[in-house]
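Going by the order they are written in, the chains are A, B, C and D; count residues from 1 in each one.
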Amino acid sequence: MGAISGKEFIERIDRLNPNIWLDGKKIEGRISEHPAFKGIIKSKASLYDLQHDPLLHRKLTYLSPETGEPIGLSYLQPKTHEDLLNRRTMMEIWANHTHGMMGRSPDYMNSVIMAFASSAAILEGRENCFPENIRSLYNRAKENDLSFTHTFITPQVNRSQLNIDFSKEPIAARVIDHNEKGIIVKGARLLATQGGLTDEVLVYSAGGVYMDADAYAFSIPSNTKGLKFICRESFVGGDSAYNSPLSSQYEEMDTILVFDHVLVPWDCVFFYNNVEAANEFISLSSFHNYATHQAVTRQIAKTEFVLGVAGLLVETINVSSYQHIQEKLSEIIIGLETMKALLIKSEVEAEIDEWGYLRPNMAPLQTATNIFPRIYPRFSEIIQLVGASGMVTLPTEEDFKSAIKPDLDQYLQGASRTAEDRVKIFRLAWELTMSSFGTRQTQYERYFFGDPIRLSSLLYKSYPIDEYTKMVSDFLNIT
Amino acid sequence: MGAISGKEFIERIDRLNPNIWLDGKKIEGRISEHPAFKGIIKSKASLYDLQHDPLLHRKLTYLSPETGEPIGLSYLQPKTHEDLLNRRTMMEIWANHTHGMMGRSPDYMNSVIMAFASSAAILEGRENCFPENIRSLYNRAKENDLSFTHTFITPQVNRSQLNIDFSKEPIAARVIDHNEKGIIVKGARLLATQGGLTDEVLVYSAGGVYMDADAYAFSIPSNTKGLKFICRESFVGGDSAYNSPLSSQYEEMDTILVFDHVLVPWDCVFFYNNVEAANEFISLSSFHNYATHQAVTRQIAKTEFVLGVAGLLVETINVSSYQHIQEKLSEIIIGLETMKALLIKSEVEAEIDEWGYLRPNMAPLQTATNIFPRIYPRFSEIIQLVGASGMVTLPTEEDFKSAIKPDLDQYLQGASRTAEDRVKIFRLAWELTMSSFGTRQTQYERYFFGDPIRLSSLLYKSYPIDEYTKMVSDFLNIT
Amino acid sequence: MGAISGKEFIERIDRLNPNIWLDGKKIEGRISEHPAFKGIIKSKASLYDLQHDPLLHRKLTYLSPETGEPIGLSYLQPKTHEDLLNRRTMMEIWANHTHGMMGRSPDYMNSVIMAFASSAAILEGRENCFPENIRSLYNRAKENDLSFTHTFITPQVNRSQLNIDFSKEPIAARVIDHNEKGIIVKGARLLATQGGLTDEVLVYSAGGVYMDADAYAFSIPSNTKGLKFICRESFVGGDSAYNSPLSSQYEEMDTILVFDHVLVPWDCVFFYNNVEAANEFISLSSFHNYATHQAVTRQIAKTEFVLGVAGLLVETINVSSYQHIQEKLSEIIIGLETMKALLIKSEVEAEIDEWGYLRPNMAPLQTATNIFPRIYPRFSEIIQLVGASGMVTLPTEEDFKSAIKPDLDQYLQGASRTAEDRVKIFRLAWELTMSSFGTRQTQYERYFFGDPIRLSSLLYKSYPIDEYTKMVSDFLNIT
Amino acid sequence: MGAISGKEFIERIDRLNPNIWLDGKKIEGRISEHPAFKGIIKSKASLYDLQHDPLLHRKLTYLSPETGEPIGLSYLQPKTHEDLLNRRTMMEIWANHTHGMMGRSPDYMNSVIMAFASSAAILEGRENCFPENIRSLYNRAKENDLSFTHTFITPQVNRSQLNIDFSKEPIAARVIDHNEKGIIVKGARLLATQGGLTDEVLVYSAGGVYMDADAYAFSIPSNTKGLKFICRESFVGGDSAYNSPLSSQYEEMDTILVFDHVLVPWDCVFFYNNVEAANEFISLSSFHNYATHQAVTRQIAKTEFVLGVAGLLVETINVSSYQHIQEKLSEIIIGLETMKALLIKSEVEAEIDEWGYLRPNMAPLQTATNIFPRIYPRFSEIIQLVGASGMVTLPTEEDFKSAIKPDLDQYLQGASRTAEDRVKIFRLAWELTMSSFGTRQTQYERYFFGDPIRLSSLLYKSYPIDEYTKMVSDFLNIT
């Protein structure tokens, strides 16, 4: 089968019919037609369609060595610099197509599945570990172009430093039992973006795991019995692309996942009840390398979009001669060049791992994951500062269709734009940074890689500071 | 008549029936029942009702020397420190009642009208100036407890540094003619908060005015012929106080004002066609003193509310032992203490002006106006950082009434809170900082006193730096 | 005796002849003539002389109720607002006279001794506590106008979070024994500013004390046997007021204190071996109130000086029209107004303690102690940014006396200054911010009140956040 | 002759005997033995000696196509990526050898001369332009391994925005006349680092030039008649490597250059009296590319040194477990990775210019020049914050040789270091960030590439924002 089209994707998702709840109601009918989901599903479908675009398909797919069919390139296990660059090109095309706004564009999770499979050997011969299930999932996924979401954030009941969850009734999802058919999972996970809108859900423990019951990883179809997706409020602003240019297309939805005695069949289980294996797999596998490589690529596309929006605002109200405006836009440029440079460095300094796969270097990628959560909120602020009071009183598409159009045309015109275009540009800037959709994007980027404070500590701990300390000790002739 | 009740306010506003447009439609019917306005009108009414609260009326009113009737205390012209403190107490009570969320609580504009009247003598005997109209408006306003909005931001067509608007068809509202009945105004003003929801609109030029046609000030009823209010999108999240605790009560609406050949009767005109008078009146009157005194008082109430929200979040997820959390909350405390201290300093250093009124000192108030636009956005960010990923997946009131309630109860419980209360707290934090309502509040505080860069330059230019320069010159024995 | 003159001070210090080490040598001869100390001693003497200035003596002294003699006003135990304001005026005069550059101007420690005496009752009737010794020291000090330094920072051997010093040989100074004559102290304290340049040294435990041996407080003459002061490098730049306008006068010196089996006579001991009393005395006494009140007053004088230097630089090179320059100077102004406002708030909200003394309120003072360590380094940076490349190539007084004077006169002239004055101004700016003297000032202000991170946590913990949390809970109708 | 040794360098400089003034005295005798210069001259000599180190000479030199002799590799005109990487490796070796502390290590100016020669064709056939003189200088320089400084900052008399220097007597150095022998230059330049310590001085106009008299470029020997170097105060702390590990080796000295009717022979002139050529040559030549490529390489070495110092401090006082310490060191790491990434990006994206030379890409280099002036001062601050109060009371080498050594040994010991080593480490940290030497380094990096505000505007103006603006316009379907 290989690389699917948008239509195939939509039909498959509609068939799945997972158990999704929104605003107190269970979703009924075709999910692809629901107001809260149709925009994002259409956008995802358009990504799959690109795979069949005559101009792009060579850049977006590769030929399966097994079947000869074209496979989505994000499934490619890179062994050479060319592979790595091809992967990046593919991811850039998708990211630019969606302006970096789709956090769970399929290539993100495809890369994760690919990374898991490329590192499955870590689990070989260990108790309660089934590397063969990872490999077979990978094969199934690439041949069928499956889509995934994942989830690793546990509920936030008590975040105090010394708190360990010993509650009898699980809160965080946990393996509570197992039988001949599989393991039984009960509890919740806080956050799965696009939960219910993908073929499968990958569930695993990302951080330090302390208890066997928390040490597991598996992937199951979204419509598995007992699995429930609880949505937050929808941030779709409406169907009008004029009023809501972004949320009408890119509102991904976030969900809480509830596992009500979910039976995970043995052949879906990657490992369970093995704390050491759980922790080592996440830290030694190429998971972080490839996932971050994709994320940074996407964030660069988003930064380019932000720079474009800022530039358009500046042009519209003709403020480019102000030094403080130049400085603010330079901040975005500096962020963009920095992110691009770190991505290039990760590729230039990529290294072959023990299984022959070329891993982008982590130090520059980790640096990017420390930088972006700080600069993206600042970009958002810069847009607000450039737009200033103009961000506050924005009419709608309906206003421009009403009797007050002549007033708007006269009084809201821009230096070089009609009122209608000027408002369109400002509405985009507003939606990007000040709407519920926009602030969720900001919060999303802030926490995309986890707690920023932890990321900072991790960078400190993993960096070879000793080399430099030694250099200075030598300079001082002390030992 | 004197201090009115909430009921009287509502009836008066409903009778006015101004020309308001929202989302392409003209508002019909009682404005106090319209979904976009009913919340804020009810909140304003509750402020007027406090004036008749047996416990508070002495603190909120004073007796008219003319009629013996109780008058809203924000109309009091202060001559003593006690007057100034009484004014502040009154403003604190109203600000706390609305948690600092109502930018155009009536005392703000009452203070402006009072300041205008107290400084009307500046206009005495000058060409095209009518100080008597200011005084009579003041008397009418205090005797009838009128409410006002004002507007001084001109459309943002071209903000380039050297741009002066010479367009033939006025864009910024301008005096285009005058006749025996009054002056004729045509053009627009960018932003009037609560436009159409007040008895009158005060229109004047705030910054440096260069052309006669722009040099005017007047106050007219909201239903004056030819006056149109064009609303932005409403940010009321709905009627549910659970889902939208703030926007259901405090969404004030911002409007563009269109003047379509509006005839302003002579007895409503304060001055026109007099550039010098226009600039001097704004800079020499007590306008900035009293308006800023009220604004800073309100911003303090808002900061207290923000601190409470942050404290409640911290308690709910039990993160008070983290050093970075303590530091973040300390930032809010530092902001609060600083704003309070500056307010006190402005009162301690108040000075009697040449007409016998006690003006709060501007230097500390100007300092506050430089600080708050920077710290309020940071407070908003701190709330988001404390709430972290918990801000993203928030269910609604309807979810808690549905079949998934047991899941929510179990999985969203807080360290010391039920899930329902925990979500209520997080929804408040979210609405305060991440909803369209919340981001508009942030942008509002950022620009409340005008362009922050201009404010910074003004402070530099108005501050007696020479005293300190001289001190250092003396130290160096140079002249 | 009462308030002394500068001459009396110098003679007394010269007579003391304490054990001071500098750059590997023991100081011999009159300390008041030593190049490293003569400047600061002369500056201190000038403060004492002001007490006898006919124009100032009423503001700087009060009459002893016991002897009728004039006493330095910093010894006054304030009971009324007038007392508090008189104290502040006195401290302002001294701080302005030394431009806030003298951290250990005598009023600082006088205020500490006064606070100790005013709160001595806390120690009444407790084991190993001698409140009478505090009171008698206070009387002796005020009648003789004694000067003090103090020391509370322990050596920084190992600052890891869980480290407690169990070393057998004491490192931090500790009570190792006691006999009929007194207690025996051995070990070191890291930092006493002006160590060896004052009549006595007050030694006590400032932070949380865990062990009896560390729980003590006493005051001893600087020439006590076994007491050694080890100086850091001197930062006096030379005698030339042209080259070194600040360090030639205000370089205070910092010293390490070594206690080599120092016998502290019983009548000098305030308490020892009582952990609870030690911790309570520091936290419940008025120590922090009065010490911080003085420090903030001094820091305001310093900020005024910094503003003057910045203003003079701006004028000299004529850059006042740049918006970024205006913004930078506004930052200093904002800092100045904020510090002043917090000081006023602490006085307006002062409260009588249980012994009848009026304590300045701590919340605004604590806020100031959180703010100043952050803004003072920024002020230093602003001066450097305003001076820019002009800070780098500064000739000396000798250059202006040499054959190249004509070149300097021509090429280093300022917009409105001769080259000689211009260089004088820049040298001041350089010495204030970039010399060893200047960077020590910066580090000093950064750590004046202790570890900034701890200060931030303390503010959080001591602030009544619960009031605000409750207000928000009420708003949400949750309990 | 080709690549010289350290001895040859020293002898040549001593022979030159330029006209240098320091502290009112003309330097007499061998400059290489003068206390203010001997350290830096020795350090420079050690760089030349590396060229003859058997292990390094292949990396530091290439064979002259003309003479077959080894030439310093910084003179290589790169045509391939390998050339560019070889250049970088060479520059890294020198930068690491001097820990990035030598701003005018010879490769900096060699690269400038090489860039000028590689772009000389720009001047071909233009009035008053002599590209052949540039090429012949280049050949002479590389064959003789000449060293240079340069100067482009004009005196800071009046920096107001609209000021143009029309003074009759030149202040900024200007071409005041010309005759058959050459041009006559009179006036001053503000700043030449290592002025008088190099074979020649390159003098040219860097920024926008408006007047013919300011539009020139030439290179002359340091001992040219009429040329005077006026030094600032020396920041050499002394000979002791213990007390002054950096300034005893790396204090470069900055000088004011005075041109007293200096005759610049025609064959030293590159161009004069041609505003257009002057401005185009600087902006179109590869000057910025190669100079910045070297500078960024050096700044990376410096950052590595800073990271080592910070790491050593952390280790010495055992504070690595504090989250805020980890965050601070992460900031340095982020800076280091970012600078390295930008350098790599400039090489990966290098492009062949019209004369066949491979130019590192400017966008990432410009980004680096915007970043480093901001992060280096922050690094300095971080070191101060990590060292905290430990930075204040540092004894000297002499103290450790005196009778108080046992006290120091006991009381200043570190967690894992002797007192002597601990103090050595802290003295390094202090000298790097708080000594006059250290703060000059900070100011130097802040202004290395010119006014940071101008750099920010330049980046904005030179960046292809239109690409991104167009992308967003397309997204919105507006034109």
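Keep in mind that, in the parts below, contacts are C-beta pairs under 8 Å (C-beta built on N, C-alpha and C of every residue); 3 or more make two chains touch, one makes a residue touch a chain.
Computed from a predicted model, the values in this text were never measured in an experiment.
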### Task
Starting from the Cα centroid of chain B, hunt down the chain whose centroid lies farthest away.
D
## Note on the structure
When B-D and A-D are ranked by contacting C-beta pairs, first comes A-D
### Message
Taking the mean of the CA coordinates per chain, how far is chain A from chain D in Å?
### Response
43
### Task
Could you tell me the distance, in whole angstrom, between the mean C-alpha positions of chain B and chain D?
53
### Query
Distance from the CA centroid of chain C to that of chain D, rounded to the nearest Å?
40
### Query
Which parts of chain B, given as residue numbers and ranges, touch two or more other chains?
323-324, 453
### Task
Please name which positions on chain D make contact with chain B in the complex.
323-324
#### Entry: Partner chain D, residues of chain A touching it in the complex
96, 99, 245, 304-305, 307-309, 311-312, 315, 323, 326-327, 329-330, 333-334, 337-338, 340-342, 344-345, 348, 363-364, 367, 370-371, 417, 421, 424-425, 428, 453, 456-457, 459-461, 463, 465-466, 468-473, 475-476, 478
### Interfacial residue positions of chain A with respect to chain B in the complex
21, 23-26, 153, 155-161, 163, 169, 171, 187-188, 190-191, 228, 230, 232-233, 243, 254-256, 258, 260, 317-322, 324, 377, 381, 384-385, 388-396, 398-404, 407-408, 410-415, 433-436, 438-440, 442-444, 446-447, 451, 453
